[in-house]
Amino acid sequence: MFELDPHSSYMMPAHFGSRPLSPKASGWYRDVTSMTVAFLTDRERLAAYLPEPWEVAEDAVVTVTYACNRDVDWLAGHGYNLVAVSAAAVFKGERETLVGSYCLVMWENLTDPILTGRELQGIPKIYADIQDHSVIAAAWHTNASHFGHKILDMNINNLREPTAEETALAEKASAGRDNPMAWRYFPATGGFGQGLSAPTTFPSENVISQAWVGDGRVDWQQLTWEQNPTQFHIVNALAEFPVLAWLPALVAKGSTNLLVPDRLPREIR
Amino acid sequence: MFELDPHSSYMMPAHFGSRPLSPKASGWYRDVTSMTVAFLTDRERLAAYLPEPWEVAEDAVVTVTYACNRDVDWLAGHGYNLVAVSAAAVFKGERETLVGSYCLVMWENLTDPILTGRELQGIPKIYADIQDHSVIAAAWHTNASHFGHKILDMNINNLREPTAEETALAEKASAGRDNPMAWRYFPATGGFGQGLSAPTTFPSENVISQAWVGDGRVDWQQLTWEQNPTQFHIVNALAEFPVLAWLPALVAKGSTNLLVPDRLPREIR
Amino acid sequence: MFELDPHSSYMMPAHFGSRPLSPKASGWYRDVTSMTVAFLTDRERLAAYLPEPWEVAEDAVVTVTYACNRDVDWLAGHGYNLVAVSAAAVFKGERETLVGSYCLVMWENLTDPILTGRELQGIPKIYADIQDHSVIAAAWHTNASHFGHKILDMNINNLREPTAEETALAEKASAGRDNPMAWRYFPATGGFGQGLSAPTTFPSENVISQAWVGDGRVDWQQLTWEQNPTQFHIVNALAEFPVLAWLPALVAKGSTNLLVPDRLPREIR
Amino acid sequence: MFELDPHSSYMMPAHFGSRPLSPKASGWYRDVTSMTVAFLTDRERLAAYLPEPWEVAEDAVVTVTYACNRDVDWLAGHGYNLVAVSAAAVFKGERETLVGSYCLVMWENLTDPILTGRELQGIPKIYADIQDHSVIAAAWHTNASHFGHKILDMNINNLREPTAEETALAEKASAGRDNPMAWRYFPATGGFGQGLSAPTTFPSENVISQAWVGDGRVDWQQLTWEQNPTQFHIVNALAEFPVLAWLPALVAKGSTNLLVPDRLPREIR
């Protein structure tokens, strides 16, 4: 008979034992290359997607981040790509007020971190084929698709060293990233009614070794149920956000730690 | 502000609305080709993986099933492959006794059904690259791997029309499959402690149009954390089950309905 | 020292020996599902892509065929998908006149048959990610892409049993397919100047077990060098063919033999 | 009617025009990470795979090189992985004597460079799924497989800065790599008899920005026709080379230029 050890961490299938640990594992993503494109959008339109007690932040900014994660310790040095979309938001809970970003959706091209992200932190991760970024004539590009139908194209051109002002902006944005938040939700068995529902935060520590600033764009497709039956409504919602202004885009290389001591993923209230 | 409709079914990200529906969607998997290999194993060894109140069934049978699912209605006609491992088991709950199979693990090569399976029914689905079956000289083969490291090979040879006796055996096995069961478990935020935990059953309706019986084998690899950091403990546990006798293997073509009216996925007690 | 056996067939790397043979191998593709969409186009525009001594056939028809090939004997029962584009054409050689189809391009999602097709028969095969066809509400769909950028979408709707007239048309088309032709061309080492150049034909034997007729469409993308640096010029050329009329589209299941005795691939003059 | 421009470079399909050029294209692979493992083997055994007029070099060394190629200019910044196996060899032609390496086989995970490599330079490239290298606890790993069946594992451990002596050895090896050679062979149409046959060399320029030395190993699988019908004979031949001694293994980062002015790919005599 299998019994849970109350001091261990389990995911399905739980009966084979707790999540594998290795002395070699850690929270470090040792080789991370990222492209970040952000834009100002309509405040009301964005607010429609934020559940209580989140509110749109002072600036109604949507940020789209591609990351090429390599040398990931908990994956024994394997890696994966992601495209995350988040809204600048403030969590106004009963006990805490947190300024940061609310994760609208995160596509990843590997199922393992999708499962841990959803089940441990409540990050709304779903699958897409995400191309390794291509770099040609100083222009960076990537795209994501599912079932052969493209979701988005992401481009950054005209890269240059950041000015002092831009570095300050990037640091401000990065500070906001210190409070990434999400809504962990599982339905009751069968899908109807609520099983678990809680706001969460999952801080990370980012070390930037190189960074450039440029002009970025994200181009979304409009999709039908026939083309992407599980995600078309998400893609279409994102495609409809008005772009009032593109903000400076960022390309960066560095590393990330997802298990920062004293700042582990937790529920917020 | 986003609000949940209490009459709808949601999965993360929930704030884009309830799970997409289409009048074209249903529970039908219209084109299913399967290979089933089963063996008798040691009763005590198998029992070690069953949580209360499941017990090993009269015969300690482990069944490995490959399915090539095509024309899947809820995926808008797309498909995927799976390899499922289950134990013949009896659920002896406070209110119900169910004879059927307990799902030990289910590998699939598409993330979408992995997420719905885990979150709606509690099926312990995880990812693997699963080759489309190959057929050469009347021998059927498939294999599964992850990060380039093979998990298992599955072969069925010497296919022939089933005898009346074998058809009876297959029908008996199929009857057992009428109560597929699993343990739906989600940890608390962060991974430690229990969030949701409940036994479930997810009946299906199987229509077989063609079937053959043959000699089957499953060969498991032994893996290290470095090779498959998220699943090696599962694969190694399965590789260590003693095979006391191989049962007749089955190749079948047909269709499957996962949403049988009056027999929807539910918790059992 | 390695030496060629003059009676064997070699491909690079040749020094490991001749192409592997197995008593289980043959020319049969035992499980083939195909979608065929054809249209009338502008005669002059089509003629611009035909080298001497090919001419556009009586009707300037371009045919786009998707095939899902499974249980392929020479691949030990593995399979692959293809999308072929051909022009109805007449070969008017010095010695032979052949009415059939001239292969403009053939995308496949497996490198092995791309290499044999190019090097043994001169079929202009190149790579694409080609989705397994999806079938929903009696509509068939597939698409092809490369580097994440879509090449084409292919759809067939309103499927019905063929009328006697349509069966006759299909048989006529199939007869035309009996003389599939291509231009086998290899440059000199380094790429400039001619190495080998010859017209070829590669007959096949097609057994149709089921067929339906419907309304089909192919939608091409316009691509840039940055999106698909090796194929954009091919895709753009095909996208620019005017569609004067869509012909009845075909869905078929059956099998194909690529090694028909007495009708093996050969050069034509 | 399509006509070849005698001053352009064509590959099939030739009738869509010459190979696409872009002012952004060049011979540079701007981001190359490589793992190199070499061993001494039995001289006679190795000689059996070298056609005339190649002979095994002074030391009977087989070198296995993994390269993760990114930011490849001619692929518009896309990339691919390769695993190459070569023999230290001397070409003793009628006019030239070249000390360098003879390419036994090169696996790549992208069809586009496989086609150009085979058809323009005669490099015996074939396809495999090649994992991006994983790095954990200073150990580097990759593997290659096809049809789900592994071909080889490659590991380098105990990495350290190279000593002066090792740097000298590496430079000597790199100097040898300056004359990479291959046997360009195409059969006659249909596969039997010779179409084109010529020895070639394809020099490259390698810029190393970082390098480490360590202990490396390559482990080959033994495969059947059923598992890998197009390559099993190659893999089995390589698996049977005796390893008399492993040489120091190398991990390197840098860039590579495949189009070195005045040293373009050419036939040798």
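We call the chains A, B, C and D, going by the order they appear; numbering starts again at 1 in every chain.
Rule of thumb we're sticking to: a contact is a pair of C-beta atoms (placed from the backbone, for glycine too) under 8 Å apart; a residue touches a chain by one contact, two chains touch by 3 or more.
Only a predicted model underlies this, so the values are computations on that prediction, with no experimental measurement involved.
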| item | value |
| --- | --- |
| Each chain counted as touching subunit A and subunit D at once | B, C |
| C-D or B-C - the one linked by more C-beta pairs in contact | C-D |
| C-alpha-based rotation, subunit A on subunit B, 0 to 180 degrees, nearest 5 | 180 |
| Subunit C and subunit D, separation of their C-alpha mean positions in angstrom | 30 |
| Approximate Å spacing (C-alpha centroids) for the pair subunit B, subunit D | 42 |
| For subunit B paired with subunit C, centre-to-centre distance based on mean C-alpha positions, whole Å | 38 |
| Junction residues of subunit D - those touching two or more other chains | 24, 75-78, 131, 134, 136, 139, 141, 147, 226 |
| Interfacial residue positions of subunit A with respect to subunit D in the complex | 24, 30-31, 70-71, 73, 75-79, 131-132, 134-137, 139, 141 |
| List of subunit C residues in touch with subunit D within their complex | 1-4, 6-17, 19-20, 22, 24-25, 47-52, 74-78, 103-105, 110-112, 114-115, 118-127, 147, 183-187, 189-196, 198, 200, 225-230, 232-234, 237, 264-267 |
| For the subunit B and subunit D complex, residues of the former touching the latter | 129, 131, 134, 136, 139, 141-145, 147-150, 226 |
